[in-house]
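Shared chain: chain A. Partners: chain B in the first complex, chain C in the second.
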Partner chain A sequence: MEEPTTFERHVYKNASVYHYMKISLDLENGKRSFSDAQFKQLIISALKELYGEVGAAFPFDLLKFDPSSLKAILRVYNKGLVKLWSALTLLGSYQNEACAFRVIQVSPFLLALSGNSRELQFGESLTS
Partner chain B sequence: MSPELEKCPRSLLVCEKSNFMNEKSRHDIHVSKHSFNYKISVLIPECAVLPANISGVISNFSPYYLVRDLPVYELLQEKSYETVLQKGTVYAVSYNTKIDEDNSIALLPSVVTLNLRDKTLAPGTKRYQRVLSGLKDRLPLRYDFLFTEHNTGGDEDNSLYNLLSQYKPIEHKAVLSHHTLKNLPCPTLYPSDLQGTTLSCDPHSFLEWLGAVNLDISCENAADSFLSTYICPEPKSSVSQALLCTITGFISPEDVYLLLQELRYDLKHCCRFPERCFLTMTKLYISHKLFFNCTSCAHRKYFDEPKFTPWLSLTVHGFMDSPVSWGATEHGFLKGGENFYNLVCFKNQDYWLHMATGAHDGCPP
Partner chain C sequence: MVRFKSRYLLCEVCVPERNSLQLLDERAIHHTLRAAVNRAHGDYGSALFNIGVNVKYLNALTGVVFIRCRKAHYRLIWSALPFITHLEDRGQTQNVQCFFNCIHVGGTIKTSQKFLAQYNRQQLHRMLLDCNTDAEKQHVRRALLSCSVGNVKREEADDEEGSDDDDE
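Coming up: the complex of A and B.
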């Protein structure tokens, strides 16, 4: 049995290496089928369109992708966050079909994305 | 390329380690001051079924009420003031109001900007009348509210419901869901190494892994994978099974504390002397599932095979649109609304506490 620990407190400021984004893709004519690789390729092409071949050359991860809702979770190094976010915002079409990325939640903690209280709904119509 | 493009808002994480038995331990204060809790997530490695005592505590969580279109001045009426608010165990937060777009209201049991327990705001005083008429006539705010009150078991437990009855409150219970994860890569944690300098992984990597487990994100990726390169942090081991249990609703800090106590009790009594427990364990079959009954500590084991979890984790997410995080510390949304804490409890009653809030929020306590 280890000895009981002594009190310690640490405050980490800007120590997180990554940011995490929860996004969804809206297409003008409703849903269409995407594979996870196609979805990531779409984001990469949006980055290249805005920042060029060199400016878009930074890594990000597609941690999770749900093909039915076209929702995804991305992980990106902090210094790529603004570029990735702006490229997502400015993407306007996919194969001549109007589309838009919605950014639902962005956090330096992946854990924060698992507890979104805005998802608390009671399945009844709201009074105005 | 402009360097501005590579900047991002600050992030803030406060980590503490201590022992539950330590007189000066502040875990109870941190739990009690985090008033508006939306979701609890418990992860117990080496556990396959939800222990009966834990599900018992969860099913006894106080209900919460959704009240539509409630005028704010109702909270200050003399009747509500005397029967409910003065008791100091009522929590209310406006529902479906986004703090970055709308006005949001939260009723804290102790301290608010409009301090309802201030003597100068007692019914009958001039100040009370002025606030009441202001909210009634000049600024007639109405919101949907969520209410909860910690059940103390007394006769007055229905007072909140009675008070709200004319607004047709809808009662809800916190929703429990749980499932067993198989063959989970799991970071190895040593209670003495909170910062992850030698034995454990660092706090950010641990919270990332915990997020991945909660969001069902795979951490078995190749280093050259096109989609994702995320892997479980080192040092790690594989656990054959782990129980992930989530509770969603409007949960009072008192209920969070009761759950924490029960989890601690299980860790302490079932895992402290595993060798002794083995000697006195008897097998027990319930619904075709195998349990071990420990007769020396008169307590049922977590495990359907003789393995013992060295730690378990309790994560509590606050409402992202709550105007406060801990106590009266201001909270905003900005881009993610982070407002959570995580407790890792070890079997020797040591614990780690991680607290995180948003980029522009006040520092956690």
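Coming up: the complex of A and C.
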């Protein structure tokens, strides 16, 4: 007789110390070439404008950057999430050109950023 | 009964030459403080600075400053104090080198004032130990006794005004 499998229930409350953000940069006059360093510098300048030198010093990482679509994945500590998000929102211009950051997805798990239900594309057979 | 709670930062302005303390005015200190908060904490800091921060009292003779700020974000103002290196005077183009030494953080003007009196007494005891000769001791004693009561009374009147403000 096989023993019944015992269930263990795990509840994680804020298991991750990080939050991951998927963002994209919209520029007024279409696309232009950005290097990853320039992109991070732009975010740091936004932080510095809103939160000063203290705010510009807090740690965050640019994990992935796609120069063609100007989309990036950021990793921040939970503590700095609100600061980073607000700084991104309030950034208005890059080199006298209007621009805006769009926050696409935010999640404590990196895996969750792999799929986005809002951008779900149905196959030809389903839509036609 | 609801009231705004405040924190009073009791600071000592340290300058290289004592004469330059006379140049201080409340506006210059407010201006310098705003610049320091803006540099350290950006627009967010400036916005918090605009609500409820003011220079309550300035003693240009001893370089003692009372800064009042809201209790909710006094740490933000407090943390910007060490980054002040000079005071900008609008009238005179010269910059006064200085630093702010925050010696007490109090909830009311009254406790801060008590602390200041105690602190000054302590400093006096410390300095009296440096007197080597009797002549020096006599000199200090005479200087203390020569403080006229009129001056003291006027100061007390000022202080009472200060604590009245606190109750608002």
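Going forward, the second predicted complex is superposed on the first by the 114 of 128 C-alpha atoms of A that agree within 3 Å, B and C clash if a C-alpha of one lies under 4 Å from a C-alpha of the other, contacts with A are read in each partner's own complex, and residues count from 1 in each chain.
We adopt the following convention: a residue touches a chain if its C-beta (ideal position, glycine included) is under 8 Å from a C-beta of that chain, and two chains touch if they have at least 3 such contacts.
Since the structure is predicted, the reported quantities are computational estimates derived from the model, not experimental observations.
Applying the stated contact rule after C-alpha superposition, one finds that A:55 touches each of chain B and chain C. Chain A residues in contact with chain B (one complex) as well as with chain C (other complex) are 51, 55. For chain C in complex with chain A, the touching residues are 38-45, 79. Contacts from chain B toward chain A in the complex involve residues 1, 4-8, 10-19, 21-22, 24-25, 38-39, 41, 66, 68-69, 95-96, 98, 144, 170, 172, 191-192, 194-195, 203-204, 207-208, 210-212, 214-217, 226-230, 248-249, 272, 315, 317-321, 335-340, 342, 348-350, 356, 363.
Listed in rising order, the residues of chain A touching chain C in the complex are 48-55. Taken in their complex, chain A has these residues touching chain B: 1-2, 4-20, 36-37, 40, 51, 55, 59, 61-65, 73, 75, 78-83, 105-118, 120, 122, 126-127.
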